[in-house]
Amino acid sequence: MSHRPTINASVSPKGTLETLSQREVAQLSEAGSGNLYQLFRQCVLAILNTGARIDNAKTILDAYRDFEVRIHQQDRGVRLELLNAPADAFVDGEMIAGTREMLFSALRDIVYTASELENQRVDLNSSAGITDYVFHLLRNARTLRAGVEPKIVVCWGGHSISTEEYKYTKKVGHELGLRNLDVCTGCGPGVMKGPMKGATIGHAKQRHHGGRYLGLTEPGIIAAEAPNPIVNELVILPDIEKRLEAFVRVGHGIIIFPGGVGTAEEFLYLLGILMHPDNQELPFPLLLTGPKSAAPYFEQLHAFVGATLGEAAQRRYRILIDDPAEVAREMAKGLKEVKQFRRERNDAFHFNWLLKIDERFQRPFDPTHENMAALQLTKDIPPHKLAANLRRAFSGIVAGNVKENGVRLIEEHGPYEIHGDHQVMKPLDDLLQAFVKQHRMKLPGGAAYKPCYRVVGSGA
Amino acid sequence: MSHRPTINASVSPKGTLETLSQREVAQLSEAGSGNLYQLFRQCVLAILNTGARIDNAKTILDAYRDFEVRIHQQDRGVRLELLNAPADAFVDGEMIAGTREMLFSALRDIVYTASELENQRVDLNSSAGITDYVFHLLRNARTLRAGVEPKIVVCWGGHSISTEEYKYTKKVGHELGLRNLDVCTGCGPGVMKGPMKGATIGHAKQRHHGGRYLGLTEPGIIAAEAPNPIVNELVILPDIEKRLEAFVRVGHGIIIFPGGVGTAEEFLYLLGILMHPDNQELPFPLLLTGPKSAAPYFEQLHAFVGATLGEAAQRRYRILIDDPAEVAREMAKGLKEVKQFRRERNDAFHFNWLLKIDERFQRPFDPTHENMAALQLTKDIPPHKLAANLRRAFSGIVAGNVKENGVRLIEEHGPYEIHGDHQVMKPLDDLLQAFVKQHRMKLPGGAAYKPCYRVVGSGA
Amino acid sequence: MSHRPTINASVSPKGTLETLSQREVAQLSEAGSGNLYQLFRQCVLAILNTGARIDNAKTILDAYRDFEVRIHQQDRGVRLELLNAPADAFVDGEMIAGTREMLFSALRDIVYTASELENQRVDLNSSAGITDYVFHLLRNARTLRAGVEPKIVVCWGGHSISTEEYKYTKKVGHELGLRNLDVCTGCGPGVMKGPMKGATIGHAKQRHHGGRYLGLTEPGIIAAEAPNPIVNELVILPDIEKRLEAFVRVGHGIIIFPGGVGTAEEFLYLLGILMHPDNQELPFPLLLTGPKSAAPYFEQLHAFVGATLGEAAQRRYRILIDDPAEVAREMAKGLKEVKQFRRERNDAFHFNWLLKIDERFQRPFDPTHENMAALQLTKDIPPHKLAANLRRAFSGIVAGNVKENGVRLIEEHGPYEIHGDHQVMKPLDDLLQAFVKQHRMKLPGGAAYKPCYRVVGSGA
Amino acid sequence: MSHRPTINASVSPKGTLETLSQREVAQLSEAGSGNLYQLFRQCVLAILNTGARIDNAKTILDAYRDFEVRIHQQDRGVRLELLNAPADAFVDGEMIAGTREMLFSALRDIVYTASELENQRVDLNSSAGITDYVFHLLRNARTLRAGVEPKIVVCWGGHSISTEEYKYTKKVGHELGLRNLDVCTGCGPGVMKGPMKGATIGHAKQRHHGGRYLGLTEPGIIAAEAPNPIVNELVILPDIEKRLEAFVRVGHGIIIFPGGVGTAEEFLYLLGILMHPDNQELPFPLLLTGPKSAAPYFEQLHAFVGATLGEAAQRRYRILIDDPAEVAREMAKGLKEVKQFRRERNDAFHFNWLLKIDERFQRPFDPTHENMAALQLTKDIPPHKLAANLRRAFSGIVAGNVKENGVRLIEEHGPYEIHGDHQVMKPLDDLLQAFVKQHRMKLPGGAAYKPCYRVVGSGA
């Protein structure tokens, strides 16, 4: 691990891009506010690690301990100096243009996030305030484009899937691209990359030059799921909840491919929102799809939703097996309804203001053992609240599996305990065990999976 | 005046432009924060009044008392609804695209300025804080383009000049355009428009498609100097001092055409800055030019500078009479030195960080009778401080001539009294009287000029 | 005249432009087919002479006797080497981009014309064959753009007009530009330039970036009417008849400004065509306009048409005095009818196939004394045939005034004699004398006008 | 086969594209010159068949017997009406943009080729005349772009290769794309498509928007090797020899992937040219590459070249096994030499004028039994002449395998007989048998290969 090839380089943004004030340059320098520098360094390292196959944040950070990034203000604008950078991001000594672009996106987002938090206007204590904050972050990243018809399709799913599943995501992406639809994912390999690659070919065939490959990430996950260089718009949201809100406010429809517990978290997040009474009328195309081999996975998930959240929840999505063209057609149809709905209600095409997101879904969930144990997972609460709690449970498990702080907590205190009544705990236990059996709970390093949780009460 | 043709219209930004959050829309609506609405309404009215020949803010505001602008959030983004709008801004019922663009620039700047002032980061109590604020306003307006070589030429001068002088500014603009230089002015007619028109033709001949016609204005002056629709980048700075700072930080060289007391204010502002000891080495091309008939005007000004600020001040500029090509050549030569200097010092091409602006020049000067009377106009203070005070004196006179609050103060309390020692007051009095004789102190309405000041002590 | 400033330069086309085969390069070199070289040299010289105020072809050719152009094939394509070139086409030693572009347009057209004439397919003996030839020349010059709605407005008029008339053409051009209409003229100064300049400003205000300023010329006239650098599409047609056909097939409407006998020729050419029975239904907006001072000119012309061709001819145009906005509005209205008509008949927007042009109008008219004397100018032939003959008479007078061969013929044989019956000859004589009185028959050099014709039979 | 899904559609070119004269429209209509219509119909059908997996021209033509294409002139230009068209070219009823583009490329080339043949200038009897003709066809197709540095990499190889080989071509394409190189192939699937797909992804990562995917084909092969829709520049040359000349004059370097006898033909064509004494100094990067499994194929080919043409021939190429990045690096290095060479010799970057192509390689070879039998395949002629004859032999075998006329001849007269001396015939026989063994002689339909030739004299 210690002998990975590295390179020293100096990069400037191509064309007229970001400009920084002297104060911002100072803030980002190592001597400046240390936190900001650390955050920036970590994101840059993740972006540069784009070609490598490591998906363990800790491993990457360890592998390039002596990596440094320095920021300079020069005649032509900002310049980054990179020392001991991963060689993968370079072709014959020159940085890949897409990678270079993303470095400056990271710069932009980190500077803006820091600046906004000093802004008294930002009110993170109210639901509206949080949404406003997400809006401003996205606007500053030029993600919000007025006047463009709804066509951003979010693709969720595992970053570590089978070759067959990966190829399937490429095919779906190809069909989306042939219909001039854009693709938004959480960055990273697997489902995050396949649809973008496919869409690139589809867009090329359609001579569609402005195709958007939007990657939404957050500092806590970027190292484990490095954005692939096809991503031509990268936004780093400050935390997982802002990132999830960005997905559902900016995306016009969502496709869920096979994945693990992280995918389940995202699915439950969305279901919980869509089940909120205020959102009953609101169209939101949601498709679950995969190759034939993934059918059991979706059956299991479908059964879990039925058992815990009920039929109403099941009616918010459609499962389509092994039919990429039909998936794209169905999505295109759904997007037309979205367009019609927003036009009638005067809602913006570029930001889903009308979607009601309960504060429960906006607040960061800190996956301490105490918080995990306190989750109310019973059928006597309204389904959209149960969905919120299940989402948190999955979120905790993801943290325990791959996130730095979660992994450390598990190392210290042992597995989380999750409580609840039998009607919920039994299906949950079944689902998680099926994930393990289907090898969807792989640890980053590839080691055999040792659960970071214990379901308690399922036998009650 | 009461029967000007008006029109009702609904306009959307062309292409993907500004997006607003729900909060911002609410703020700007009439029911919202009243101040912001009033400010926005006034700017919109000024922009729409673009074709008309009135340059009296009060008259315009009176003429369209029932003008209203409403802001709506819709599927394709923001839409403005205009009621009883001046018909001049429309061609066969459709708004001129350049005018439409400027409406949304006004929207952008007013929203941003309001938002920034709530930002704790903004520190208007320090010189560096004010500069940072100006930087952020310009960056938000996308005025700062990294990587572009120095080529923004600021043109200052009167908005109400003779036909011969106007034609001369067009010729200079043409020569600038032929050399692919960009033009920045304070918006409005006269010198603000001539160089842009000329440059447009020059750029067309050179097939230069990205020519920039940058207009920097402020709410207090925009009504009197409505931006002409050639301006393809409009920025509304919050006050006169921010606007002046924007000119000298963003412009790479300055040409001064004949003008009145406002032009003299700008000239002294710049001289005062350039004479600061810290700026001694800093190249800043500054040319004074006009047709043959304007020679006496520049001689007068030159003599005034010599008498009050001395020879060192005179060395910072060059006077060129009746030679548009030479003006452009000289400017191009000066810009090369600017480029060289910034490259060596690692200063940004897009923002003149190295230019030292004393806080005196950054603080708004409130032209009360008391403040005007207190100005120290004596030769025993350093020239750059004397320049600052002279600048303020001229600023007060401009306000007394054309600005809403200034005019009202004069109406209430009579003319300002300006004090100082004979060595300064005599040349000042001479200059002002020459302005009156040369018809450079015309009042907006065209009435005979009645001075808004009395020079006291010139006889001492 | 012998000491005009010259410059040596080497120019390449900007961007990816024309490529030549080895055979074509050889053809164009001085050693190659001498004729082609001479033709090319003459056109290049005319284009370079763009800024100068000489409009006498002979004078220009004499002034730059030692001018040479050499053509080289290089790694990056064709390069032109210019020796002793007029310095006017350069700004600080660099050729104006628009001028450079036009040099390569000349190259393109001369090479293509030469090549086409070797093509057996080209049939210059039939009317359809000539039209096909014009189509191919225009297509090769990329003038024909499919899918674009009718908006090319041809402006005809004198190249040597009063300042007031010139300003008026600028205003009309401005109004056309504000309506996003394109301008096509015959190149050169005066009416050829004013509308383009005005439209450039209008287009800039409307942020219309693809504005077309189309110049159609021919080798015999280009030296006398050098294209101004605003022309961004230059096409050199092989002779006057092809050029006139190009105007009416490519233009969607025509505005006639004041001019002299050349303008009258163009006007009669068009009237003669529009009066052909086959064109009775075909809409073709034709407006005659000028400032107030030009009213008598148009009255004279109108009377002449009434007296010779009759009321039906008068109904094909409208005269509008001193109202630029109304001219543009009327033209826009007319263009809508053209669009509607072509849509219904499936005729191309980009080429007016349906316009019937009698072979009489397509055949070059050789203005020998014999041919001029033989013109049948009597009222007993159908009006559209009389129009054709009147057109030829004017064409001969233009040649006798300014064209190389015509001038020589007059020098040798004295003035042309024009015969006809009184009803035609009287109005003709009146018109021509009015032109002389109104100073519309100025000779290029500015000398007093000495008629190159004698009207015979007007006294009958 | 009779029930393939079809569709009726009407398509127009996107944007401003091709325009046709009335005469050209008439020529192309079914009632017009029948030959041209048939040719056009066949090309259109091939292009539409793009998605299907049939590569047998006859089968395709049979499958869509009732397919018709009608050409209409309309207001917005040319429109094609398609009856009973293959449904594969459409997505949800709309034609894929790339496919649509190619239809109009076919139109352009067929019209131009027909027109040029009527041009007396075209001299197909001399070598220079043929080259000039190829130049004009390519220029008309806008393939020749002046001023662009050498970066067109031609990829040759089989259209029917193993999955492993196909993936390898994608990887090489990806590496080429990452270095901003363009890809040119002969259209069709397999090696024709893989590098383009890979380069598309590479270009996307490098944000390289103008990537060229150039497909050169000819009417005789287009049906069997339909262009895939990634091809963004399609040129239909009139016959195989013009197409081969286009490849070597327009391409700056060539990569040969595994293929069959067609690939061998191309390889020998190029070797024969490069071995001409006049080309000794001329750099022309030529790389043979494939995955590990393809190593024996290249060894066989290399041995065959050594045995027949000698070591000098072997020195003109390099074999690289299983190293896509090294292939791209080596090519990039070679292109630099090409650039240097053309700069020094003043040869155009866009057309390899200096490459000497012997007339033998330019003349069409008609693969009759008589011509095949008459080929002189002996070692006593100079190697570049032997290469020419071997090329013809392979050409005949390709015709006998897949081309309409060749297949018919074989059906009628039995296999070709190829004669020669043992030193040539033995290696030839070995090579061909190896091709059969390696399944590189597959017949379009997939049937077992029955040789269309007999090697005679190899036993001598």
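Here are a few things to note about the model shown:
Order as written gives the chain letters A, B, C and D; numbering starts at 1 within each chain.
In the analysis below, contacts are C-beta pairs under 8 Å (C-beta built on N, C-alpha and C of every residue); 3 or more make two chains touch, one makes a residue touch a chain.
Protein identities per chain, from UniProt: A, B, C, D = Pyrimidine/purine nucleotide 5'-monophosphate nucleosidase.
Here the structure is a predicted model, which means the values were calculated and not measured.
Considering the contact criterion stated above, no chain is in touch with chain C and with chain D alike.
If you average the CA atoms of chain A and of chain B, the two centres end up 46 Å from each other.
Look at where the CA atoms of chain B average out and do the same for chain C: the two points lie 45 Å apart. One simple way to say how far apart two chains are is to compare their mean CA positions; for chain A and chain C this gives 63 Å. Interfaces, counted as pairs of touching chains, are A-B, A-D, B-C, C-D. Considering their complex, residues 12-13, 15-19, 21-23, 72-78, 115, 118-121, 128, 132, 135-136, 139, 144-148, 339, 342-343, 346-351, 353 of chain B touch chain A.
Chain contact summary for the complex, chain D toward chain A: residues 14, 91-92, 96-99, 101, 178-179, 197, 200-201, 204-209, 213, 229-230, 232, 329, 332.
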